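Working notes for the structure below.
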């Protein structure tokens, strides 16, 4: 993590801004004239983590490139709530083609920019977990393998929210979705082997892979700033809570994201050329329950007689992350 | 310059002369030789300033082209058969976004059973996806149509498919006049996109459009093709004026004056048809043919004008719309609404079944004797059909049809005898 | 119109042979059309390619079913595939073999065939000698020019040069010329017999 | 660019879509009362002045501080800082060392020679302040800044009152005291020392004062009856401590017994040690828990070798020795005699049993109510007699320097209002910013910086100051430990975490504004505000 080492500034770099920090040390989001790449008036739910993550990321990219960014968007919540005719919330050149081809379309844009000799224009592809880890996975892997000059950002809210909260390959075990109801003898999503796309991205040996969370703005901005400058295929996986799909309070979006990180369930790290180069060390570690019980999708694990066995399995996953990534 | 080249090579060189800036390639027979040729030209520098991208699927191939076209550069790809079905979603998307991509289809059948030989099932499956579809009769025309296609596509901001019969044209060596770069440059101006992803003038492309406007967007796509009906002949005329040969246009008639029977068909089979027409004429039969070049948009008026005077029309199709029969026939019939003349659909050449001059002549003979049904199947092996149907009647577990038939024919799946 | 059908095995350059024939005809100012028996054949499988030559545009797109000439690149095919289908009794036959028709057991089969139009030539051996590889197709084209007289050996050489380059090209041309001569000789011999 | 209909759109056009209509709750910026401010008897806006100290603007911080308290250097030393007792940070790691920063600012003011200004034009009114103790000086200071002409009559030889005659040097160096007082006087206040007021009405009439503030300290030590031999040496704490100023140290002997459990008792015992007593023993009738003296004071005393006899009373005092009786607490917690006796060697006994105020100056003042030896005042600090106000030790309340300073301010405001024949309206109190209102995630972990203390050996032999001050670095650090409870400190969280860009940043010092056209009311801003300065209130549509 290359977040600046916290000098003692009351809130250090934990808050968005800090009047005691030097101008250049402040977050892009703290800037009075920030670009608001995803403009007001979008139709995201109250407390939408994806809307937040997208503005954080694209603003950071615009700031780092002097607004020379083009974005390709996969079908999904972000696309639907940001560009319903006759209005768009985007301030940058933006295109939506299909659900599963964002990475490929971005490869095309990048190729066009190369052909036009506009390497100064940076290309970003973005999509949700469905468009990235499931239906868009083939195009994503192809883009990685060719090492096309594209930064792919996945906003992971762990299910197909746009269509009404159905299970995706990023949905965590035991989570209730519309297609993994909390009934039967294994309520919620079944325990699979998991599909860790950041690790899969690393297996492509692309120059840069990182995970980030809306709960850690500085880290997120810093990673986008680093990634946007690198040539070749880059991947950033951002954890963005969905109040609707997770059954969390809209006002808890950032808290939930923070708990995911501090519990170890969502490891925040950075990898270059396939090797982990930095990780976020847990600041105030919490048991997974602290995270899970904020979300109704896990309500069936609690209540009168808590499902201690399942909770233990989830805790084990967190502990494994903590061990594997040295969190 | 006149040369004896493979059809694929001719197409590749014609495309290269159009100065594409992004080419996406994914291998599928029989289209592969085209992108192989282009790939080589990009690598050895003959096609400068072009990005050649080997993608991981046809879906990605067209998606990459969508991205590059939206970013304002001339974009090209090619596919066939299963490939165009695999990219189907993107095919609709490209036209919906109004991106002037040109794509070659090396026409080939669709499985199952898997079959690599020629027919029109693939491009026909996507006929209503909002793309303009042009069918080449010869390799000369295949080459020329690509040059016209880029001009047409970019004028209308609408994607164009150039359909070239797999193997029959793509793999055939024949005489082709490959124009010079100057000639092509004079005919095809640099790409001036209607919309472009530009950081100095940002827009959002591909908005979600609801009931309040979707209908109009669709209509406007149709309107583009209506305009194409005017532009296609104009562009063909200008092409003829510059290059000194007839290529493209909406359709071409052959010995249709005073013809009682007129055969309508798409693509390379028109050559063999002309031979058959000549033989019939030699026998004193008043027969003519129409080569339909522009299937989308469908030239209703031109078709009506070409067929209006005949007594019967025989539409020869290389695609069986299972459950109804002909597809081209429907358009032909529509063009003739109100005119009373006999119309026959003949399904022929599926999965590479050779369409011989002999078969065509006997077909025309029967047509002349008014022996044709509404729907006919050229050189369909009735005996084989009967045996298989018998098997099916005999036992529920009658086994896989394709393999049964091959066993009957005593051939192996790989071996294909010339006749 | 003169139609040629070439039989061989995948990897023996059957399609290339057809292509070179068409190029040779093209160089002589004729229209020509060459195409394979469109298939997915692999190395060793029986394959067929066709070539048409004419003074006017060739519009016909059907496979060659009534060949004016047959080129058989691999004699082992003789009893496996119906090579002679559609061949008229005065059609040309050129077989790549070191053996005579008799040794090949074709005498009965070709009983009623005009024998001055049938010939074998050791194309593979010639190829080995000149090229160092048993690729008979170029050599056979030389033989074809000799037996049919449809093409000059010069334009065959030109087509070979157009297809190959450098040593390979020269070697193939040499093999073709050698085959051309050997076919002319054996034709002369059989005339003498008659 | 000729844009295709509907599928291609102009950037940022969604501004036309006012999502504010989705809202059922609206975020509203509030200022809440930080617990430190709430606990300060002098009514200091502690969070307010720390805010400026955080950015290193010490002058501004000092000016902010002295709006309520004119003597930071002194308060930072003598105050028992109840503010720190209620500091929310204590629940995180440890309370912000407010007194240390306050003292730092006071000392910085002395070094830099910062001065006060008068805020209002001369009112032409004259006010008499009786007593130059903390409440007297505080009142005089505020009145002067309000434009009134003020005279202080002090019975003693020097200004400072109990700060000088009650608090030993080692806690409050005299140069500091003198400097703080001088700065106040420099406002143009007239000070007359050795000027005992015996008849307040006469004085006011004679000096034609429009109002008076009485702030006489409790200088008379309470006596308790102890059977004593003629030779027994018995003194009272106040006079012992007073005699430390000027007229020569008292003779206490080698073994000193101090009787009582208040801070004064500790002051005397510690003073005795410094004067060379081998033993300084405090006799207190109850337990350590029940002791009224401040724990920190007791701790320092014990470090310096002061002994305490818990649960003991003095039965009689004789030559060189006293007799003490063991006590035990009854169920109500009151000490009861046990009859168990013990002898203690003692060259002198100092009584520290509390003090009384000399109210003689009030004779023949009408409508005056005196109860338990102190004057009763109304909510405006005014006695029953119009125009005569009172505060500090003279009125019912805890007797500390800080309380006294608070009285002075409050009285001054009311006197000012009375002189302008209006009534002072105190601003409404904000809701308290409790710990539960904070989102403490955002605060950096930072244990408090401790002040240096003098080593015990020197503390036993000299009157040097025990507690050292913070240097600029540590003072800044300590200031920045403030959580700014209940008051926006412009961390930009609300601005950053709004998914709808509905928070408008107004610029440095201007804080923020909610754009209700777009705010969907998700409440993220309120949830992620570290200091609890945003409240979600239901929409009433």
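Labels for the chains are A, B, C and D, by order of writing; each one numbers its residues from 1.
Methods note: a contact is a pair of C-beta atoms (placed from the backbone, for glycine too) under 8 Å apart; a residue touches a chain by one contact, two chains touch by 3 or more.
Nothing here was measured: the structure is a model prediction, and the numbers come from that model.
Any chain that touches subunit B and also touches subunit C would be listed here, but there is none. Taking the mean Cα position of each chain as its centre, C sits at the greatest distance from subunit D.
Counting C-beta pairs in contact across A-D and across B-D gives the higher total for A-D. Relative to the centroid of all protein Cα atoms, the closest per-chain Cα centroid is that of A.
Centre-to-centre separation of subunit A and subunit D, using mean CA positions: 51 Å. Centre-to-centre spacing of subunit B and subunit D amounts to 93 Å, using the average Cα coordinate of each chain.
Between subunit A and subunit C the centroid-to-centroid distance comes to 66 Å (mean Cα coordinates, whole Å). With each centre defined as the average position of its C-alpha atoms, the distance from subunit C to subunit D rounds to 116 Å. The residues of subunit B that reach two or more other chains are 97, 198, 202-207, 209, 213, listed in rising order. Listed for subunit D are residues 6-7, 9-11, each touching two or more other chains.
In subunit C, no residue reaches two or more other chains under the touch definition. With chains as nodes and touching pairs as edges, the resulting graph is of another kind, matching none of line, ring, star or complete.
Counting only pairs that meet the touch rule, the chains in contact are A-B, A-D, B-C, B-D. The touching residues of subunit D, counted against subunit A in their complex, run 6-7, 9-19, 22, 54-55, 441-444, 446, 477, 480-482, 484, 489-493, 495-497, 499-502, 505, 507-508, 515, 517-518, 520-524, 526-528, 530, 536.
On the subunit A side of its complex with subunit B, the touching residues are 67-70, 72-73, 79-80, 82-86, 88, 90-98, 100-101, 104-116, 121, 138-139, 141-142, 145-146.
Subunit D contributes residues 1-11 to its touches with subunit B in the complex. On subunit B, the positions that touch subunit D within their shared complex are 96-98, 157, 194-196, 198, 201-207, 209, 213-214, 216-217, 220. Taken together, the subunit B residues at the contact with subunit C in this complex read 4, 6, 29-30, 116-118, 166-168, 171-175, 268-269, 271-272, 274-275, 352, 354-357, 414-419.
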